[in-house]
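As structure tokens, here come the structures.
Presented sequentially are two complexes of chain A, the first with chain B as partner and the second with chain C.
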Partner chain A sequence: MRRRLVDSATRGLLFLTTLAGCSLLALILTAVVGRGFPSMSIEFLTREARDFGLDGGIFHQIAGTLILTASAGIVSFPIALGSALFQTEFLKSAGLKQALRIATYTLNGVPTILFGLTGYMFFGALLGMGVSWVTGALILAVMILPTVQISVLEAIESIPAHYRESGMALGLTPWAQIRSIVLPQSFYGIVTGVLLGLARAAGETAAIMFTATAFSGAGIPRSLARPVSTLQTHILVLAQEAVNPKAVANAWGAGLALTALVFALMLSALWARSRLRLESHR
Partner chain B sequence: MNDTPPPIEIRDACVSFRGKTVLDEIDCEFRPRSATAVIGSSGSGKTTLLRTIARMNDGMDGFRFRGKLFVQGSEIYGNGTDVCRLRGKVGMVFQKPCVFPKSVLENAVFGLKHHQPERKKEFPELAERFLREAFLWDEVKDRLHQPAAVLSQGQQQRLAIARALAVGPEIFLMDEPTASLDPKSTQAIEELVRSLKQKHCVVLATHNLGQARRLCEEVLFVCEGRIRESGPASRVFDNPLDEETRAYLSQ
Partner chain C sequence: MSPSADPQANGPERNGRYFPGRGPAYWVCAGFACVALGAAGILLGYLVAESLPALRSQGWPFLLGKDWFVGENYGALPMIYGSVMATALALALALPFALGGAVFVAEFLPARARLIVKSIMELLAGVPGIVYGLLGMSFLAPWIKDAFGLIDGNSLLAAGALLGIMVLPTVMTLSEDALRSVPAEYRENALSLGLTQTEVVFSVAVPQALPGIAGAVFLGVGRAMGETIAVLLVIGGIDRIPSPWYDVFSPGQSIPSKLGREAAESLGYGLHWNALMGLGLVLLLMTMAVAFAGNLFLRRARP
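Showing the complex of A and B:
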């Protein structure tokens, strides 16, 4: 009797925690979709912002977010992959592997504003890159590096050991092993990692706020040294005009576009992960 | 006098992992064109011995080898050993059949693709040759392009052997290759071992004493990381000299 009661109570408690988590997500999504949808139109998505965002659309901001996110991905992916391959294929010492993993997780927990600050001091001030596309891309690349690296590492480590052993026993060189076994077997896991990193970069504001973005007037950057305009900072600027209903409506519209972008990346990551599971069960 | 070195010669070898000795005072050699059974209880060091011969332990944390190990007269733990080339000469088959998530044909030529990419056009014929040598051709000739995973466990194990054969090894290390197979598949693998030992030096780690007796000319009994007894199979099985061997064989 008592066991049944404890069982029911546990089940109820777990249901409540699940409900709380889902409700919060549903609440945020409802607010973003409900308030952002009225501003949404083809014109809003394809026109340039005018009058500090009070008029016009968010075309440059969408393009800027995509440019910065993609650049960060392009910079961080080879580093993450190289590091993960080094750790899984060449590094023997379990202690050193553990130390590197702890360092990566710790880096993942550093507040993003610190990435912005340190990054700006190094890339922006010391290397003279200033507030620019390249500074923002590099800072975001460093910021998403641990996320991408952990996902790539986990994808590679999830390859059944007997595949590697069989490759080794056939006399494959480490590079042949990587090319023929490791990369094909972990492909979807690597894609998942990159997409998760991109989703994180796409939603980031603090790290790029004063390192890469112009709050107004910036279009598509014509060079790496030019600043970009992003959805995140656009929302920030418009939200500061909270007394103006037009500004608030446009901020919600930009918010919905950003949420859709991040969701698309997340859903793609989930799809890639499900493919990875399918592949591993073949 | 025959000056050809034995395929495998191990002298006073000791293997340890993170300071813990797993094999000690290993002193033995394996003959060409014959099969040697490595017997002993679980954890005695049979698998470690086989993996050490193919240098498969190199990447493991804390692995250390002391002593001398010669493959075809060359010391393999000396400086400058090309490990990939060594593994091309020393094929290894594992307990659990492992096929890559590719077609039967691609699996058969998987190693060949890396060792002899210039023969790409000949791959279909070569695949047929090695699948025939592994007594598998008749069973898979109509489904060469199907995923290898659809084959039975026994067929997968023979495909793994065909894949290893394609690389051209002169020595075959087989680590309990029939442990996870049904009697019919076991019989097929045993037939294959009989055929392989005509041309290769086969080292077969097994728990199946009947199999060791049926297939092997020589036996090596390993207990707690040391070789307790070795010699011709008929002598070791019928008249073991060591008390530990006698106890193990009488189980």
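Showing the complex of A and C:
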């Protein structure tokens, strides 16, 4: 009897901890929407910022976050895919595979601010790109590389062996094998990886705040060598003016827009992953 | 053109083993594979090379000094202390929920509900750091200020609590994976001995999954140590070790928040920059040590 009681009490306690964890999401969403919604309007989304962000909208910031994220994805995707294919399709040496894997996981654990510091030294100073769109895009591309790569790698590795064996039995060259078996079968896994990477890039502030962005005066960059303005740094600057209620209100408005963007990417990633699972169960 | 047109593409057969061809596709993929290696190398190289002048001019006091005055001396101890303290607080606050949640999800929830909880955790982990910072600044810090009667809510405790929320999903998801990988026969054996379900969980599943859970916790620690922007907004930004040292209500500074605050001031020039890169090197070594320990445990977890 006592053991039964302890059993249900423990279960209840464990349930409560889970509930607390999950209700965090509801709390956060309520807070972000509740604070951000009052500043949200069509004008806020489509007009440019004036008066150092105290007035006007966040059009340039949204555009900046989008182009920076997209260009990071465009640079990162082929590298991640090629690297994953190299590890699964070409490389036979277990030692080298292990080395590449360690490099990927190491990169995944590096604090993002360090990408900003060293990325500025390499791209900004050594290659002379300065504080610009291209510096930020390349830094973000390296930062999301492990995210995309690990996702793609797992998708390719989970292709059932008999698919591959059928290809080999037909005498397919490695390239034909990749094109007709590996890529189609891991399609949704690759999409998941790219979307997760984009979500990570879109939410990142530390790596780009002194390498790619200018707070005011930067509209939509006319060239790759110009700085951009982004939602993330816009929020950061406004948040530091905590005494001014107008600044904080606009920071929340931009925060809501950023959260919506990142969640749209995350939810699409989760959807793509569920498709992957469905396909593999067929 | 595709290398499949090349009759040699299949490569020679050596010792009866099949070797794939080394067409353009091979070399392109090989080049891309080296980008991660190269990036890791460049990162470490720059941090070491750029921090050398500061390490040389400051010597050991760089690590042990308590004062950071730009242009005079650079002591990293308050920042190291702040990073360690905020991370420790984050763990203390997050672990009960993360581990309890992991056990409940892995052992008691049906598959469908488990997928939902895991998706919620993934979304939580995806909330941008700057939004967490904004939440901490507007809600958490004022609450802490009122609850403990402080002059300023921005403190090590606020940073720790915010970090706890941020690493909870990471620790919970990975611990849950570790628990799920314990074979079902172990549980069935224990159940057949007449143990209740929670007794089975805590006497069989949790001990078996312990290395994996430890790995999850270490990876969470790494995440917490490296978080910049959320911490920057709530930690207070004072380079000082409080007295007594365990006074978590006083403001502090972590390594990433220091870097985030000052990097733009000296971008690329002078001893100040070298000292900041030195801080970055210390941070990298700390997170690498933690990640290494975590991977060691995780590898032991899956034989």
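Annotations for the structure displayed:
In this section, the second predicted complex is superposed on the first by the 267 of 282 C-alpha atoms of A that agree within 3 Å, B and C clash if a C-alpha of one lies under 4 Å from a C-alpha of the other, contacts with A are read in each partner's own complex, and residues count from 1 in each chain.
Definition applied: a contact is a pair of C-beta atoms (placed from the backbone, for glycine too) under 8 Å apart; a residue touches a chain by one contact, two chains touch by 3 or more.
If you're wondering where the values come from, they're calculated on a predicted model, not measured in any experiment.
When both complexes are overlaid on chain A, the residue A:18 reaches chain C alone and has no touch with chain B. In the superposition on chain A, A:202 contacts chain C only, with no contact to chain B.
In the superposed model, A:165 lies in contact with chain B only, and not with chain C. By the touch criterion stated above, A:45 is placed in contact with neither chain B nor chain C. In the superposition on chain A, contact is made by A:173 with both chain B and chain C.
Within the superposed three-chain arrangement, the count of touched residues of chain A is higher for C, of the candidates chain B and chain C.
Of the two partner chains, chain B is the only one that A:181 touches; chain C does not reach it.
In the superposition on chain A, the residues of chain A touched by chain B in one structure and by chain C in the other are 92, 171, 173, 176.
Contacts from chain A toward chain B in the complex involve residues 92-94, 162-163, 165-166, 168-173, 176, 180-181, 185, 279, 282. Against chain C, the residues of chain A that register as touching in their complex are 3-4, 6-7, 10-11, 13-18, 20-22, 24-25, 28, 31-32, 35, 78-83, 85-87, 89-92, 99-100, 103-107, 109-118, 120-122, 124-125, 131, 142, 145-146, 149, 171, 173-176, 178-179, 199-200, 202-206, 209-210, 232, 235-236, 239-240, 242, 248, 251-252, 255, 258-259, 262-263, 266-267, 270.
Looking at the complex, you find that chain C touches chain A at residues 2-4, 9-10, 19-21, 23, 25-26, 28-33, 35-37, 39-40, 42-43, 46-47, 50, 96-101, 103-105, 108-109, 117, 119-124, 126-131, 133-135, 137-139, 165, 168-169, 172, 196-199, 202, 219, 222, 225-229, 233, 256, 259-260, 263-264, 267-268, 276-277, 280, 283-284, 287-288, 290-291, 295.
Only residues 54, 56, 59-61, 84-88, 91-94, 96, 98, 100-101, 110-111, 113-115, 147, 149, 160, 163-164, 167 of chain B touch chain A when the two sit together in their complex.
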